[in-house]
Amino acid sequence: MFAVEVRDHIMLAHSLPGEVFGPAQGLHGATYVVDVAFFRETLSDDGIVVDIGRAHDALKAALKPLNYANLDALPQFQGVATTTEFLCKHIFDRLADAARSGALGPGSEGLQKIRVVLGESHLARAWYEGAL
Amino acid sequence: MFAVEVRDHIMLAHSLPGEVFGPAQGLHGATYVVDVAFFRETLSDDGIVVDIGRAHDALKAALKPLNYANLDALPQFQGVATTTEFLCKHIFDRLADAARSGALGPGSEGLQKIRVVLGESHLARAWYEGAL
Amino acid sequence: MFAVEVRDHIMLAHSLPGEVFGPAQGLHGATYVVDVAFFRETLSDDGIVVDIGRAHDALKAALKPLNYANLDALPQFQGVATTTEFLCKHIFDRLADAARSGALGPGSEGLQKIRVVLGESHLARAWYEGAL
Amino acid sequence: MFAVEVRDHIMLAHSLPGEVFGPAQGLHGATYVVDVAFFRETLSDDGIVVDIGRAHDALKAALKPLNYANLDALPQFQGVATTTEFLCKHIFDRLADAARSGALGPGSEGLQKIRVVLGESHLARAWYEGAL
Amino acid sequence: MFAVEVRDHIMLAHSLPGEVFGPAQGLHGATYVVDVAFFRETLSDDGIVVDIGRAHDALKAALKPLNYANLDALPQFQGVATTTEFLCKHIFDRLADAARSGALGPGSEGLQKIRVVLGESHLARAWYEGAL
Amino acid sequence: MFAVEVRDHIMLAHSLPGEVFGPAQGLHGATYVVDVAFFRETLSDDGIVVDIGRAHDALKAALKPLNYANLDALPQFQGVATTTEFLCKHIFDRLADAARSGALGPGSEGLQKIRVVLGESHLARAWYEGAL
């Protein structure tokens, strides 16, 4: 299995309602360093998994609504705990859409899997990996 | 598949008996940076894999007997080569016990897999990954 | 010159009023990985710059009011742009106080300089360095 | 599953023919930080996956023809787009040969999988993972 | 003293003529991860050292002629050994010009020092630091 | 000021006698990732600070007596607390000797300063910087 992974980041505010979140129940924030890996069993005719430039662009587009935002104020996140795990899946869904729509360019038709990793500090990260 | 990963570290002394270990046969030591990932197919009702705070606590408890220790002097490691690989599995077993006993709190009943990575330098690391 | 440096982190929300801040004018957030270095010309009688355990504790105490907080809502930051640079100096002042009060333990009486570095992502960081 | 991973690096020049590569069509270069992981279901009699020293040596041998080279001038790469993905597989093949020939020493007969990761910058990397 | 540091990278080919360079005498290449720090004794009226967005833009502009290039073919580097150290100074000069011309925006008039660090691998880096 | 920095590492055992060291009073160990920077005001005729290959060799030679060792058993460290800070200075002294003796090759006659950084974990490091 081949993979290509690209990195970007977002800086956002949110609160996590629920006793399990302890001090994170209050409004606070995070920088998430986001690594997205795209997987293919074989390389495309160009000898790539996916065009790295387009992968970077698709990631930036997926992150745009979250960057410099307060998630508590965004309609799409009402009633949702925007945990790191949840955000991994949210970004995965955006990139899976991009892959299926051809926005990732030549090679994207053969993508089989995407993994989204969010690093929230030097001590903790979360990820979601799913088939296309 | 979702995952959450937390980091801690230990500083210990040991020796590795056996010709294959070359200079590591003598008493020396290591800092191991320990990353433990917990995996679930779906998120818990709280929208998490496992409570990150409890995961950090469980990891710290698992590492305590090893930290600032000379493994050669510990009864539980007599007659054992405490290689990085072996220590990965040793820590995995402690955390699998913690997960099964409920010590990881809400969400831990749905954990399916744990991975323990030990980085011994910027050039080498080892890991063990197993089902629960 | 000798130095010892310890690391911790904070996760907070804030907004940065002023056109120069572009999209950071809205409420957003950040994880700051905080590295604090303590400097001495010569080592203490114990052969150290400062007790690493106490340095970690003093750093944690300095960061506590900022961690999991919304800086916009804290009285001490009203009317202030809590830029990364500003926060470096703010944390420096807390640690300089700790050093002067003896809270850093044996060795702290000989400290000559402190440097506080805040990493806000893999692409940007800021620091403040000052004499004691 | 157990794994051991070792790191080395190469510095090379190449060009990538094909419109999809944009500015990388011209002669340029890269430092690739190379991480190779070796996998075994169980540990060897020595309690290891593979001898780390021999793993480092085998990796260095696999990388030697690529290091400080202009890939465009090497006969083995004529007519090939030496993408990061392609180089992952190329290095995988060399190390799979080493494993099968016993060059990795005791433990290598039980290896089941190898993964080769090439980091080309702090923002992008690629890998190939295959069974032995 | 305050500082703000931003990161970018370049991928280039070159050769280093002279026996001292050993295998680097042949045409090869490198990824340089470039960290540029800007220093001011006091913060600007906006509470910053320099606008991070403009700093990123100025760095990107300074790196553009080097990125995806073969330095051996560029007129400005004829007869010059484009060592990592030399490139640090070359980039410093471009950014010093940007600072002096006001291209870094509000705050840049108070800049006192710039440091340019080039990381060529996980094992080696070089830097140049100079006054403005 | 120009600088070139190279990295290596050591894995050793030791104990730190004295109440201030808490749990580190017992025999334990550490991996130290060692970064050594060499400084010159101007570049040598070859356009370098110092030959990176020779710098790596000199560092390896300086570290050899410490690597895979139990410092408590080495005659040169009897009665000494081998703190991270102390080891920085110890390695500095070896490399200053190497620089003065010409072992670092062309360029070393112009070296003005050396800095030795020892990272003992992802959370703590120490350094010593001195003139030649």
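Just so it is clear, A, B, C, D, E and F label the chains in written order, and each chain counts residues from 1 on its own.
Everything that follows uses one rule, which is that contacts are C-beta pairs under 8 Å (C-beta built on N, C-alpha and C of every residue); 3 or more make two chains touch, one makes a residue touch a chain.
If you're wondering where the values come from, they're calculated on a predicted model, not measured in any experiment.
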Over the chains that touch one another, what is the least number of steps taking chain B to chain C? 2
Shared touching chains for chain A and chain F? B, C
Count the touching C-beta pairs: is A-C or B-D ahead? A-C
How would the chain B/chain F interface be labelled, same or different, where same requires over half of its residue numbers to be shared? same
What's the distance between the Cα centroids of chain C and chain F, rounded to whole Å? 27
Any idea how many Å lie between the Cα centroids of chain A and chain E? 31
If I count partner chains per residue in chain B, which residues reach a count of at least 2? 7, 122-123
Spell out the residues on chain D that touch chain A in their complex, using ranges where they run on. 18, 20-22, 80-81, 83-86, 88-89, 122-130
Would you mind writing out the residues of chain C in touch with chain A in their complex? 7, 9, 11-14, 23-24, 26-33, 67-70, 73, 120-123
Can you check the complex and tell me which residues of chain E touch chain C? 1-8, 43, 46-49, 51-53, 56, 105-106
